[in-house]
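Note that subunit A is present in both complexes that follow, paired respectively with subunit B and with subunit C.
Then we have the complex of A and B:
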């Protein structure tokens, strides 16, 4: 059937019954000609890529025909179109092998969210007032081009700034190429919980500046220092698959799991043994265990390891790290340290993992190097033939041409954001005059000391591509809303999760619902309009064409897609959801990078480094640990109703913020379950309900990240409190990354449950009065 | 061959991630209650993850346990329904017929597992969230009791397909939404009448136990006990 955009007017018969029950049943809506060809009632499964965290799991999207109310050419009407009904993991994808996590399942609510920006809008009121009015795509793009051209003509191309959430693959390359050809500085890639510390440590310890891939399914013993690897850290679905395998997937073998942390996480709850360790001393504990292994010669493979050589005193047997000395620093008894050392080395294949709060301290890099050193000592993983094959590996990069490979970000996110903010605040030559914003929300997630809000306010012209209004995008002068991920061409190069080199790829699973346009295509269009070097650097008319040009050369590398022609390869790669290499041969690993002697010299072996905290212990008696939320991630998913109603698995809290307090601390301060408390740091204070939890040290407070949005749609706005807003601007010493676990706070009770309004799933109805009666 | 559907929950594999909870919401058009109704205890979760805390810091212990309708052979919810809305199917499912339900809530009262959810209000999906609704599953309205159906729409769809193709259903050919998403493979669904099915093999494990089995409800959900530090072998 020919697809033309002309409109037939017809009366509705009963279709309104499928829509929201509140609508008047006899309201007449015109009906558009469908844009898709689907058989009603029959589902089609389409490939997809999940973008809700950095793991990059592969999806299968269940698409069925349905009626959607849409606006086409300014006219509201009904259209039969493919609708995404359910997301499943793609069984073929090497990272997630058919499985999907809670947040991945909720991706559907991003696509069909009532608060999506449905067309380009231009600011009419004051900056940040949220007053916008509709503008056509043509007019909007004209405006952007005129700003970009004006900057170029006034030789101020270097004052174009691009602030974006981190992206891999071709979208990363597109943005960097655009900026470079235009003459602007590289993009400011920002996320609040970046892994700069771990990547830097892994470079020194193992030769790979990358996130690790642990094949947990082959392990007999895992000791994890702070890593929430079954919940939010690194590649949780892949790690959970391995964990299940480790526990009960091999007849006769059950792997053991020890978690070391100061606050019981969802992952820690599954441990056979949970070890409370003073915040920031996890690296010291790891070296205490290593000391016993070295001194009693328990390491089967020998002690000369690259990761070990990063620790001062390693070859001398780590004299500073006797169990007694380590006990004093960490609070873990010498007897336990000695026992762990024996258990780890007596098990078949062991691995040591580090992530989360231990890396978010001033000594985070030391902690990472220390655990890496222990890992190198104990990881004696074997494959099924008994050959040495460590549990820890690193994902090889896909064989894309050197020009295609985006360079890994060199600087920690926090440091980059700070430089950017400082430059805008100083307002001197080179300060940003124009900002392009892509799905980054630093006004919500960066510590207030960065003054990022003030900095952004100074920038004369701001364009945002994000699909939602949030604290940062509301500052824009013009919003060019991106498609939802399920409506977009997506590629992603997972940094971890599988040891195959791979590129995930998905065409749009559904047609666009609203009058949005994909950000990569908008940039390509702008490039063509700008002409000159920018147009030359980005000669493609569509992002699909750019993807095809970049990825089709994979055909000559064998792997999962076999095809006789480039076009066949392109079709097959889409159907499969990507390309991946054959499984790594036993014992092989991608070659580690060699450190330049300059880098090696700069990184002398590290000595024992204790953590430091912002705020004197006398004034601020508690360490404060915000943690990445199982429901909201870094806060960017708080607008999804399924996630708001998902009970936190440890506290059962829903639709709420809370702070976890040890019951003895609560007793001492007169704080009961559900009371309203005030938490104050050097940087600010917030009020939040209290939850008493035995899983937290008496001198520690922990709060999930994600609530406390001031502007993020109807489900998240004005709900709860934001722990990131009271973080002191403490940096990890080596990398400049944000040490988000290094702020100290004080705590006081300020009200009862009727003021706190904590909603818990368990324990029956809450006691506080409600304003709203049920319908 | 007649089927008897069952589920195994391996507590040694369950990580408490709650992917099963969200997958079920998406598949079965389970309404979102909102903050106020949630405060009144009216959220609707066909599957929930219970957690039990034991001990004090520094030795706290947490146990996770997914709880869903046990599809009891001797279901206490069935005899109490005045309209036979809660009844037992030939394939061993405890079915809920929405059209017959008049909302007495005797069934939820009788259920010892508290797995039944009542629609105290008309569910609302703010447009366009309604576009995500699964057309294979009825959308319930106020006054109706609902609960886990073992994704009966998937069961029916697979049975119809197999019959059309004149063959038997294969083990693992389809599964429930919760089991499909479960990354650690803690949830395994299948036919207990098939002695070679994965669920039959797991249910006969020496770690197997029934939730509140002593009440005589005869659940078709089998829990496998969580392991301990000393376990060197599994079964």
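Then we have the complex of A and C:
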């Protein structure tokens, strides 16, 4: 006998004999007739749209025949069907040009997640108990229609509320049309890290209420104020491509990159120079640099006419913001400020970017306007023909019929959520009687002082569309689970990332695995059953028909899809994954629009405003900065194990929460790596392991957002702590957006590493391994 | 004295295993256990039972498993059907399709509808189920070998080279032992690569 077989047999004899009793023929699965006609072993690549953040990257989905465990007609069995196996970026897409980030890769796990709600369910236990039972789609829809008609007949249509995560494209339009025709107030689009402050500031500075698109690939000098543009901010894939081009794509010409922030982000770790400044003073620093440029006349004449007019004292050369005065407020030395001003103006094409924590202060609006003013002063690069061609641009709106959309930016979602909660809590006439919930989870992601949980609990009837049980959807009375994105018709209008106007579109990549129905089709079906104005406003029988009606008119605008007939156009648009306009000719690029006099008149120039914090500095000595996690976004992706398993770029931590503490602070308070610490604010406290990180200011604590779920599937529940739960409900002064970086906290050590759960990849952070190693 | 004891023990163990594997019926008329899959938490879909796991581990497969439908290759081939008619994709991809209910019923919706085996297929279709065919040819996972049908069909290797003469078979039998020697001999004769990574990758 071969040695190999000898070992095999001896090892297995006992085990096999014991386990043979485990067979259970009644559990054997049947095989269902396949739905798709596929050739085994041959992959097809289908277009898709990534929905894991709002950037709207285009996908290619690798689809192959496989076995899926499914339930059909109440029987469990195996079905041979086309299954999505891998996601890649779509090379044709102007935003991501074939690239895809780690978060996008995990889109597959939304499809195959074991915690997905696979059929409609109705609450049987108490609210929030999580006790549901299966209900048929017919009965479920009948129930919703009866509630909607009851509201309508009692003249209370305005007490229907719709709470959703922000959506773009036709889904957004469908929900708004439904609510308008029904007579309900507009939907509450909630996201804790919305960019309302930046949109408002961009409207004032540049005339566009939108996120900016920086053509980083052409830049020679970038100064970024808090924007984690390689990790989480705006359109990270598009920006990473441009950044790579700026640094290494042009032989002999490597752009310089300076990052200003108080906690080193993934982007900051890439910078040539990392400048720590006191939280909330980024705008002051920007104006300090502008002061030097203006007083030394470093910039070309006339550059100060655009966004500068929004800043008080701009035309006078910002006399308050001398480098010495700015040094006192920001902690950045006057010499550095002067040097930055010289460098930025002596480089060819320069740009200043603002994003993230500086906008999440009470003076976020001022910070944004100040950096925008600096941007307009330094971004005066020219193309080969000598025409002005700024790095900053804005994506034009696609020429869809939805042009009646108001130019004013939507109200900050935190302000909308607050007024929604207040109205539900007051319980007077017009208070929400019925709530439709679509994948927004404010009970997790809004500060507890908004009392949103209590407000939602008071609403008599809640319908949820989300495919997962989370802290908010568990409150629902009825859950009508949506398809996973890869099973749905998808469309998206990227707000930034490319200077072409764009509509991404993708038909379903795979057949639905479960007994779910797409939310847009459910709404259209409800509209038909309600009849009247609602049916008239939404006459389509399916979301596909609605998309076709909305997007086929793009054919007359040329662009990336050419077709002779509407049907051909529709087919080619699906194959290509969308429509985008032809690249803008050099020089004709959207020059920042001049401000309409009406908008300019409404806003007097803003003067210096200092940040304010919740909590006295004496009692709460540290500023607290939650930050968007690259893995989880605002926490809505914490249920995906691949994202849990992804080591944080700077700390290598995974499957856990942690707080970043400066080693000096740690030494002072006797805190070592991995110790359990308690962080207390006015609003509450939490316990997390400590990570000593040199890339953070000594008076700042930072924590990634996303963990600390109480009810969000098997992978996220009960893991880590939620920093949003100790935020004071501070709002940005101008816009009412959540000022998530404006809470002060105190820190105490409560235990050693044995009481904390800190999981680090490869056992440790090893901050400076190459410094300790002998060379 | 020590080694005799061990030897005795090992001989016993081998005998037990062999007896167990042999004792477990390798095919059941009308039953579907070999292709069926159980997710009992102990075994993955690859191994419905512990005995199956042991058999897979030892590369022990029945040479003529009993299929859910008493199909005859002989009759269909005699009637002029080609292999690729049912085994779609054999010339396009790594795997050949094992035909399901839909393929059978394209013809048998009209032909021989009163025969008991055809009625069985119609009943599967009525229930929305597919035929749980039992796999005949396969490699064990531990062989780490990949085979691509399309490349061999393109090279003009006939189906019967590896699958035997199907015109003489009813349900498929494993007439050819597809061990590594078999593959390498043929590759040598035809002067194609016998590098390890041609098949083991």
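The working rule: the second predicted complex is superposed on the first by the 709 of 775 C-alpha atoms of A that agree within 3 Å, B and C clash if a C-alpha of one lies under 4 Å from a C-alpha of the other, contacts with A are read in each partner's own complex, and residues count from 1 in each chain.
Convention: a contact is a pair of C-beta atoms (placed from the backbone, for glycine too) under 8 Å apart; a residue touches a chain by one contact, two chains touch by 3 or more.
From a predicted model like this one, the values you see are computed outputs, not experimental measurements.
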**OP:** In the overlay, answer first, second, both or neither for which of subunit B and subunit C A:256 touches.
**Re:** first
**OP:** Answer with first, second, both or neither: which of subunit B and subunit C does A:42 touch in the superposed model?
**Re:** second
**OP:** Check the residue A:33 against both partner chains and state whether it touches subunit B (first), subunit C (second), both, or neither.
**Re:** second
**OP:** Examine A:78 and indicate which partner it touches, taking first as subunit B and second as subunit C; both and neither are also allowed.
**Re:** second
Original post:
Looking at the overlay, does A:669 come into contact with subunit B only (first), subunit C only (second), both, or neither?
Top reply: neither
Original post:
Is A:69 contacted by the first partner subunit B, the second partner subunit C, both or neither?
Top reply: both
Original post:
Looking at subunit A, does subunit B or subunit C touch a larger number of its residues?
Top reply: B
Subject >> subunit B and subunit C footprints on subunit A, overlapping residues >> reply: 18-22, 41, 69
**OP:** Going by the contact rule at the top, pick out the subunit A residues touching subunit C in the complex.
**Re:** 1, 5-6, 8-10, 12-13, 15-25, 27-34, 39-42, 67, 69, 72-73, 77-78, 80
Original post:
For the complex, which residues does subunit C have touching subunit A?
Top reply: 10, 13-14, 16-17, 20, 24, 32-33, 35-40, 42-43, 45, 48-51, 53-54, 57-58, 88-89, 92-97, 100-102, 125, 128-132, 148
**OP:** Mind listing the subunit B positions that touch subunit A in their complex?
**Re:** 10, 12-13, 15-19, 21-23, 25-27, 32-41, 43, 45, 48-51, 53, 55-62, 64, 120-122, 124-135, 141, 177, 180-186, 224, 227-229, 231-234
Original post:
What residues on subunit A touch subunit B, complex-wise?
Top reply: 18-22, 41, 64, 66, 68-69, 83-89, 96, 98-106, 108-109, 111-114, 230-231, 236-237, 240-241, 243-245, 247-249, 251-254, 256, 264, 266-267, 269-270, 272-276, 513, 630, 641-647, 649-650, 652, 654-655, 662-664, 693-698, 714, 719, 757, 759, 761-762, 764-766, 768, 770-772, 774-775
